[in-house]
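Below you'll find the structures, each written out as structure tokens.
Two complexes follow with chain A in common, the first pairing it with chain B and the second with chain C.
Now for the complex of A and B:
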């Protein structure tokens, strides 16, 4: 075997396991993740996995092994949080919480789907509403409200625009805005994000 | 009694190799100890428990230099008995000795902190010396031992214990709640890994029980009361009415056909029916019939002299209470199969073609409902494709499940799969597993041949959910974790390999006998390694699955061990019991009975004449529950008197 072939082959051999990802779960009080026996009940139960490439057990396994490629994997965003896996796990692991935590870590590292980022930045931060009723695109919601004799805008920040600033201040206080800015910068800098 | 002014305490410090001396400076400790009041002598040695160490102590006591012994060494659990014996050997009262644990409690827990360890060791020695100053000589209690044993449970464990004891010459009462002995082993078709016919190896033992002169068989009976203590248990037993005279009945069976009542046959797990008058299975011991009064309509047909020629039927039969006295008790209450109904995703109880492993066992059995030609319950067609699911209810950390591994399911599933394949070589068999655990003698080889010779397919994955199609076929959804693929597999029959649980009646027996249970719900052994069949109650032993899930060889081994444990006690005419019991000081007792309600061992009686509590020293285990609860301070515990405990507390107080 020449040394080049050997090098190619050896590339696939795991030489270490890191604890970086597990530690984040432990810090969040989710040390149960370590009790996984890889029985596959979660994957087999997953209604999303029947239609998408989401494989819950493999995702948990990668997190346990410290394989950070899972953070870039768009499959973790296909979980519908139906809680089947959570209900059936024989080791009583809150599997759905694990997936949510995995997403949190992914976002912290700057991996987020474009749609989600759009929603967070352009809708949630700007309007302080997850589903906004202002703007030309959302005319239908206003009309719907009016058809029920309701004011066209709900009595939230939409009706009190002066409160938007306060809400945004809150989002800065909890570092939500900073996170979004960081991701935005990263997105601009390298377009290596999820395709 | 030795007066205070004459106290001469000897302190012996053990190095325990380097276990203690490696972390604690022995010389400094000696110097410190010699300054404690009443200490007249301090010595150290590499191993105090060794012969030479023991001789050192003996010589000092015999020469009269000391009259109290304090040994600073390991845990009293390890060597208290050793040092007590040293005292006894030379006629010195063994309760004038006190052990300070400076190994586990000082050296080992402070491995990285020698100074801290030294400080704690000082405290321990100080406390032991303080207590030693207050020690009083005590006498062990002697009790006689009845040469008879009660074995509770007539399964393979109880049968083996009973036979061994009876063959040893002891009188044995074998108690069984069902009309026949045999237990679950009688339901099995074959045993792994040798594929012996289960009934063929069990029934000769059952016959031996019936024939043995030393064994009184009490089937269809229950314990209703228990009293007494090691060597002298008084047991009240209720023999349930059979409604058939067990002496007149000759087991001819001519009552069966005329009986009009058809009910579920529990021996076949409800897959077949039986009549209201019945024997549980053909080889039942005893072979006399029983009427199941819950189902009987009292039509009287069986009582017709043309039906029962011996006129054995007696509808007026009454429960009979008998009292027996035994020296020892062996608890062999066995197990029940985990009920998977609550695991809705598997459809047990909803889909006819999802069955449990004991039902499969009956289907495979040549004396089972289908005479050994298994078919699926929905349409009695022969399944071409079957699947087993392992760890049902076991290794399950959710509510309603068992955390432990049941230890037999992997092997019985392989066995059933092999048996099925032998009957129908063209069938396809899948075993869904998380881990295959085949750890016994010849077990791994059995597993290997099931793959190589029989072609049984093993899929690593726990079934997630089960559906049924319109033909009652079972659709399994799972992940093949090794290929990371989702599976949707259609099979004709699914067998759930359910785990073992403590017998439903073990709670009742346990509370009658005051036995402790481990967290898994099985009875707790006195020591998991060294006393696996003893309980914390002297004279009561556990054997078989009552102690924890195990296979037949392990059960038989344990049954023999329990018989041996009971024989050792009964071989002695007298037993000595440590005097750690509590004593009521009559003048102080107000007769409030608080202690009586708290005692976990039923050791406290109430003297109605004197209106005082009375503690039975043999039943009392010295747990200390009653003494601090007594509002009048009228209860003192030997060897742990208020005086002695206060002297220890005073030391701690001074220290801080």
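Now for the complex of A and C:
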């Protein structure tokens, strides 16, 4: 938190915004959200809001009001994290971080797009890359590497199985793997989905 | 300072090695030509990607990034990445942990379980930052052999190389930085103005993987503006932006074919592919001339119009 934010917080923190959702922001060190005056600079600066239903101002207001419907709203996944709202906020609130935190809370509750779940579970946890070059499907990419005089697999986790194990251990230690397993079960059972 | 003694840990990420290996080749070759040592960070993983994995679980993002940073600490060098997404992650985690000792302790507790630790002693850098700040234009200009004076370039910065500006090394300039334009113009090319030049490509923030057609809508807007300004080529400093402009250009031409009338065919290359060429590095190695028969791989948009334009200046 920088000094300008601290000043704003001292002066104008809105303690009346107090609910389960806001408590999660405060616990994560993001109390700045309570300094929001809903001016709409974020929405005005948002290139995604120009073409989608994402209204950052409204998403933040819903969080402040404890309206948990925002968690299953697909709009919060339209943010491209360009950071214009973060830079331009007159109250110096790191707005993009608030959107990211909202997404984290949504995922905790099991709200995640199928594509994103698949990427986390079947690509990231398994290979520790987000885009992989292993497997039969990716043969052409290994050949492309070779055509540029590079080893068919890069010197990353792809070449070091023990490094994959290290990353997977970390993901279990911080309970990310367990969260994904829980979501997988839930997805099967009640097809809980984002609207 | 003896600039030829510089060395860095090369953080590859995912998109560069696994989809745009010609970018990896061009960074390695340009740095070698400049006598800068790149040491591979053996066993590095995904940064993790700030749009997707940070959105899913911040703590996972922090500890995996700290593990990656610890790899370069073990070699006592700064990590350097060519990807804005990786730069965003490595730099933000580095900054955030420096400003939150408790969080740093918590992250170290986790790292200890795999026998690693993190101090934060080494600043994560971007390839462009090394070229522009650590070396500088004055130093680089001595290496330029060919100048492309007829070339009109649309520069695309992407978002995470400049923002959040408080966590970046550009004196908090985020509305209209010029460092990438200056690097491009070092090669004699002209960086042209176009509408909303600093607009996002649309790929980041989990948007491409979540809602591809929304990402494509961003890209369409940029491409329309770039075509209007009559640019010959798009220069990026991020492989994910490059993918979005390259493969995405095909997607845009398909999804919006009625609206845009004529399909887009603007070549897209990475900054070290351009600089490498002007330094006299073999265009085959830089990925500018197709040197294989592999189908359905990058680049998806032909670079031939670009090569035709600059051919005279290479002879």
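The rule is simple: the second predicted complex is superposed on the first by the 173 of 195 C-alpha atoms of A that agree within 3 Å, B and C clash if a C-alpha of one lies under 4 Å from a C-alpha of the other, contacts with A are read in each partner's own complex, and residues count from 1 in each chain.
FYI, a residue touches a chain if its C-beta (ideal position, glycine included) is under 8 Å from a C-beta of that chain, and two chains touch if they have at least 3 such contacts.
Computed from a predicted structure; not experimentally measured.
Superposition of the two complexes onto chain A shows chain B and chain C fitting side by side, with no clash. Look at A:149: by the touch rule set out above, it reaches chain C but stays clear of chain B.
In the superposition on chain A, contact of A:37 is made with chain B only, not with chain C. Judged by the number of chain A residues each one touches, C leads among chain B and chain C. When the two complexes are overlaid on their common chain A, residue A:49 makes contact with chain B while staying clear of chain C. Contacts of A:57 after superposition: chain B is touched, whereas chain C is not reached.
In the superposition on chain A, contact is made by A:159 with chain C only, not with chain B.
Of the two partner chains, chain C is the only one touched by A:79; chain B is not.
In the superposition on chain A, A:91 contacts chain B only, with no contact to chain C.
With chain A used as the common frame, the shortest Cα distance separating chain B from chain C works out to 8 Å.
When both complexes are aligned on chain A by C-alpha atoms, no chain A residue touches chain B in the first and chain C in the second. Across the interface of their complex, chain C is touched by residues 1-2, 28-29, 47-48, 51-52, 77-84, 86-87, 94, 96, 100-101, 103-104, 107, 112-113, 115-116, 119-120, 124, 128-133, 138, 140-141, 143-145, 147-150, 154-160, 162-164, 166-167, 169-171, 173-174, 176, 179 of chain A. The touching residues of chain B, counted against chain A in their complex, run 345, 391, 395-398, 401, 434-435, 460-465, 477-481, 484, 486-487.
Residues of chain C that touch chain A in their complex: 12, 14-15, 17-19, 21-22, 24-25, 40-46, 48-60, 63-64, 67, 99-100, 110-111, 113-114, 116, 159-160, 163-166, 174, 199-200, 202-207, 209-211, 214-215, 217-218, 285, 287, 291-292, 294-298.
Contact residues of chain A toward chain B in the complex are 35, 37-45, 49-50, 55, 57-58, 88-92.
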